[in-house]
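Consider the two complexes below, in which chain A is the common component and chain B and chain C are the respective partners.
Coming up: the complex of A and B.
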């Protein structure tokens, strides 16, 4: 087990190095200039800025310098936020995205298991059809539409009741968290509901369930101990990528709910060609994704002894 | 590990700080607003954007300042004298830093030298170039102590000019000219202005909270020399987002006192009957033609034909559809000062010849000069924003139906628009210009052949001579004649085709009064704002 984890970690390091290198060169070959702004610069002012950010060095030299700093965990200073270190940006804003991501993932998973179970239980009857219809709607709606609809609805409610039931945007209290987390988790919840339903139905006809029923176990016990646990496997498989997608993909939600998360910096850095922030966030998210996938593989083994890696 | 810890902390304290901010608080004289983005830097040496200037204008003060009517008034300097070869400023004795020490002449000398030394790499270093030797210090050819500025005692500053600069007083109100205290800045090392605690203030407000990307708070500075004139106790900024509909929702909820409106939210605001306020931005928008020889747009008759069929009112009223945008055909907006009053009143521009007949005539001339029958498609460079796209489509339609010239729209994100403009990879570009200071030259030298912002590469020796002449004298009546000549030349040569002067429209809480907008290097101005309950 430990050797397996070590091997996966080592290959993870190579993956991250590859991501960093590919991003570094792709970024430098994208047309556009990180230093440009509305106001054109004189050659002298431009030279001063290039020296400040090390852009006067040959690209190979910049790359080696970047790798060396990365090994020390230092990604330099942002081009647009001129007084802030990239490390500080990640340290201050990732926890916000992570908290939002975790809450939305909890909402998504709990919701998916619940609706999936209801839907499987009432298979081919009206609750099933209703849930499946809602699932299609939820998967098809892009985040910015859901966000706008939800804000509009909450605003109408607040006006109706004459006090702020839930704030429409902002960050700082648990109330601020609910709407964006729900919006962010909605499409994940929808496709996990489908997965859950399908896999519950699949295991419903398994031999071990027939055995369990024959033994005379309670329906409650059959469902939780045997059916649900086995049906959870495919859901856990998509959980790894879903965690990454939710924590990194919150850009639109963070923008529309005025949340100071890292997703905004990630996307804006690309638009602004903020070289150091692009590198810092990409490498950080790359490492995060590698870790999450590894974590899911380990959890997988816990849930399903058949695929436990114990060589 | 620390990230996990922070998540736990966030969870723990989430419940405790639960309280919803109010847009306006009459008793406490405090307001809440939203900001479009995190200020990129609050170090006045480096700040070059609107959001940073907005904060700096509230927490810092230069030698002079603009009042709410955008007129120059005393700041740290209580009197001054402007000459052809330089200027002298006498500082007030009661101007204090937020730690209680007096603001002295040395603080200005230190800051101005810092702006110019190459290691600072200040984008706005050029705005100090009227000072003697400034450009050479910035190039690293002279040490900073050779800069033409001297502190005489604690309260007098002598400035020597490189060339006459009749608009120098206005420059001293610009954030790059703000004072900085040497001992404080040096003690902070590279982290000056990285956080609120790493700054010293001398303006009407203090920055007391700065959670990056999330929350800023400005509180009244009791040590400010003119504190009696400042009525707001606090400006809270708990929301940072560029999303106009989110901001408008916050306004409707009552969480913020003002919300800038775009086309969509404007409709909603009008439907709800929300009170609104218009602000002039001082900005000019225009089409920029690429005049490099290999381009069709290098032909003046083609440009005149486009000028002849273009009706500015149609663009502002029907296409953009926001109130207040003023159609124009002059390079100089209405806010530009003339000899005594407004430049545009004193030197009204002659409208260009317009109409289909003239367009046809000019187009025929262009075709015979270029020797073509069928027009190749022209590339129109525009932004990816909704209004950018709409405007581009309007011009495409106009050229196609009016002149039978096909147009290919090239929508690009901001950085690539700039890149393509610098490379000359366009025929027509949609561009704009915001003035930095209160003088016609901030617009006039835009089309000088040496100006890097002249991306269409207009190159007219006569125009250059006019710019040089305007730069060589301090006599305003002479200078205004030169600018009037430039105005005439541009309508005739059409290197750019002005479209409109822009305004911004806000939904505003009716209890909030006295908000204005800085025209030169700034944004909204709350220094003279106050809240007052509506009469029942």
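Coming up: the complex of A and C.
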């Protein structure tokens, strides 16, 4: 088990190195640099700034310098935000994104198990058809459209009732969390619902469910202990991609709901070609996802004993 | 004098009724398929006394498993009992609800299925799966149920039972898992054990172990056994009586010795001839295929494949001819007016 984790971590390091390198060069091939802005700048000042930030050095030299600093866990200072270290930006804003992501993942997973179970139970009857239709709608709508629609609806509701049922933007209380978390998790919930339904129906025909019925167990126990538990396995498999979807989806949702999360800084950094922030957040998100996928695989082993021992 | 004689007779009848564990009258089951309604069972009559071992024999699709599933109320959603009655221990089970079934299944009726590898929940420890049935029907604590499940595994001659109980199904071999399955089925000491092809998925040496175990359990506990198989070798080893099924009907029923040595129905004889032996260089198959049960023939189902077929065989249902009190068969050859009444000789 420990050897397995170690091996996965080592291959994760290679993955992160690859992400970092690809991003570094892609970023430098984009026309312009962090110093180009609307503000007119005399060539002398520009030259001095380039020297100050090391942008006058050959690209290969900059790359090696970046790798060396990264190994020390130092991503440098932001180009656009005065005197803020990238490490501090991550430290201050990632917890906001993480909280949003976790709540959204919980909403998505719990919702998917619930709706999937309802759908499978009413197979080919109207509740099933209704849920499957909503699933298609939810999967098809991009996050920013859902966000705008939900904001518009809730605003109308707030105005109608004359008080703030739920705030449609901002950050601070648990009420601020609900709408963005739901919007962020919606498409994940939708495709996991579909998967859950299919998985429950497949397990329903398994021989061991007939055995469970032949043992005279209660319907409750047959469903939870025998059907649901085994049907959860494929759903756990997609938790990795789901975390990735929620993490990247967070960039847009944080912008739409004015949430001071890391995703918003990432988007702004890309727009302004803030080299250090781009590299820092990219490497950080890369490492985060590698760890999450590893975590999901470990959870998978806990739920499915066959995988645990096979390792 | 005559009064006492009739009272003796009455009490004999009473004990006969009390001894009767299972009675199936004219059971008719239809299955809905995309290709039409399959008449899977077409009026089955079957009786089983307490402690008796009955083998249900026939080829795939003859209705053996559907019979077993009807007895335990486990028919698939697409299947429906459209006629007949099933009595288990004098209780009519036709209108049982889930609660009533759950009291019966696992407790008074135990079931063993064909494929042990897929019949266990893959994500639950084997010991827990046995303990689960004990907890459902017996007032046992978790620890007591776990202890009992280890004892049951030991009883099934599984070495190192305590450690095995902690393992998952995929860590077991097929034969070992089938013995664990039997442990689970007999955990609550049922009056009836239904074993649906219990050895078909196992290799021959393991088959013998499982059969030994079933015989031993029956001798010790006195439970009745309904064994479903297509292997006449197994039938000879373990059964008291045999019922042969063909195209959704029981076409011959009798004591195992009489039925195997002097089969009355040409199908039984052909089935026996088709069983491979060491001396044979080739397999002797029964020519033709069973009839389509979406549109079963009105006469004998075996008519098209039978060497002894007569014109009357096509005309309506074949009556059940009794050779004696125990042995009966649905074949016109047994009619007193039929000269050629020795079908078993020249198959």
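Note that the second predicted complex is superposed on the first by the 307 of 311 C-alpha atoms of A that agree within 3 Å, B and C clash if a C-alpha of one lies under 4 Å from a C-alpha of the other, contacts with A are read in each partner's own complex, and residues count from 1 in each chain.
Everything below uses one rule, namely that a residue touches a chain if its C-beta (ideal position, glycine included) is under 8 Å from a C-beta of that chain, and two chains touch if they have at least 3 such contacts.
Quantities reported herein were computed from a predicted structural model and do not represent experimental measurements.
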| item | value |
| --- | --- |
| Combined model on chain A where chain B meets chain C, clash or fit | fit |
| First, second, both or neither for A:21, with chain B first and chain C second | neither |
| First, second, both or neither for A:272, with chain B first and chain C second | first |
| Which superposed partner A:33 touches (first chain B, second chain C, both, neither) | first |
| Partner chain in contact with A:215 - chain B first, chain C second, else both or neither | second |
| Contacts of A:11 with chain B and chain C, given as first, second, both or neither | neither |
| Touched partner set for A:93, first chain B, second chain C, both or neither | first |
| Touching partner for A:225 - first (chain B), second (chain C), both, neither | second |
| More chain A residues in contact - chain B or chain C | B |
| Spatial angle chain C-chain A-chain B, Cα centroids [nearest 10 degrees] | 160 |
| Which of chain B and chain C A:206 touches, first, second, both or neither | second |
| Superposition-derived minimum Cα distance between chain C and chain B (Å) | 32 |
| Contacts on chain A seen with chain B and repeated with chain C across the two complexes | none |
| Chain A-touching residues of chain B, taken from the complex the two chains share | 2-3, 6-7, 10-11, 14-15, 17-20, 34, 38, 40-43, 46, 48-49, 118-123, 125-126, 135, 138-139, 191-194, 211-215, 238-243, 245-246, 249-250, 252-253, 255, 413-416, 418-419, 422, 434, 451-453, 455 |
| Chain A residues touching chain B - in the complex, by the definition given at the top | 31-34, 36-42, 44-45, 47-49, 51-52, 80-84, 88-89, 91-96, 98-99, 102, 148, 151-152, 155, 158-159, 164, 167-175, 177, 255-258, 260, 264-265, 271-273 |
| In the complex with chain A, residue positions of chain C that touch it | 72, 74, 98, 101-107, 110-111, 113, 115, 118-124, 132-133, 136-137, 168, 170-171, 181, 184-185 |
| Complex contacts: residues of chain A adjacent to chain C | 206-208, 210-219, 221, 225-226, 229-230, 233, 303-306, 309 |
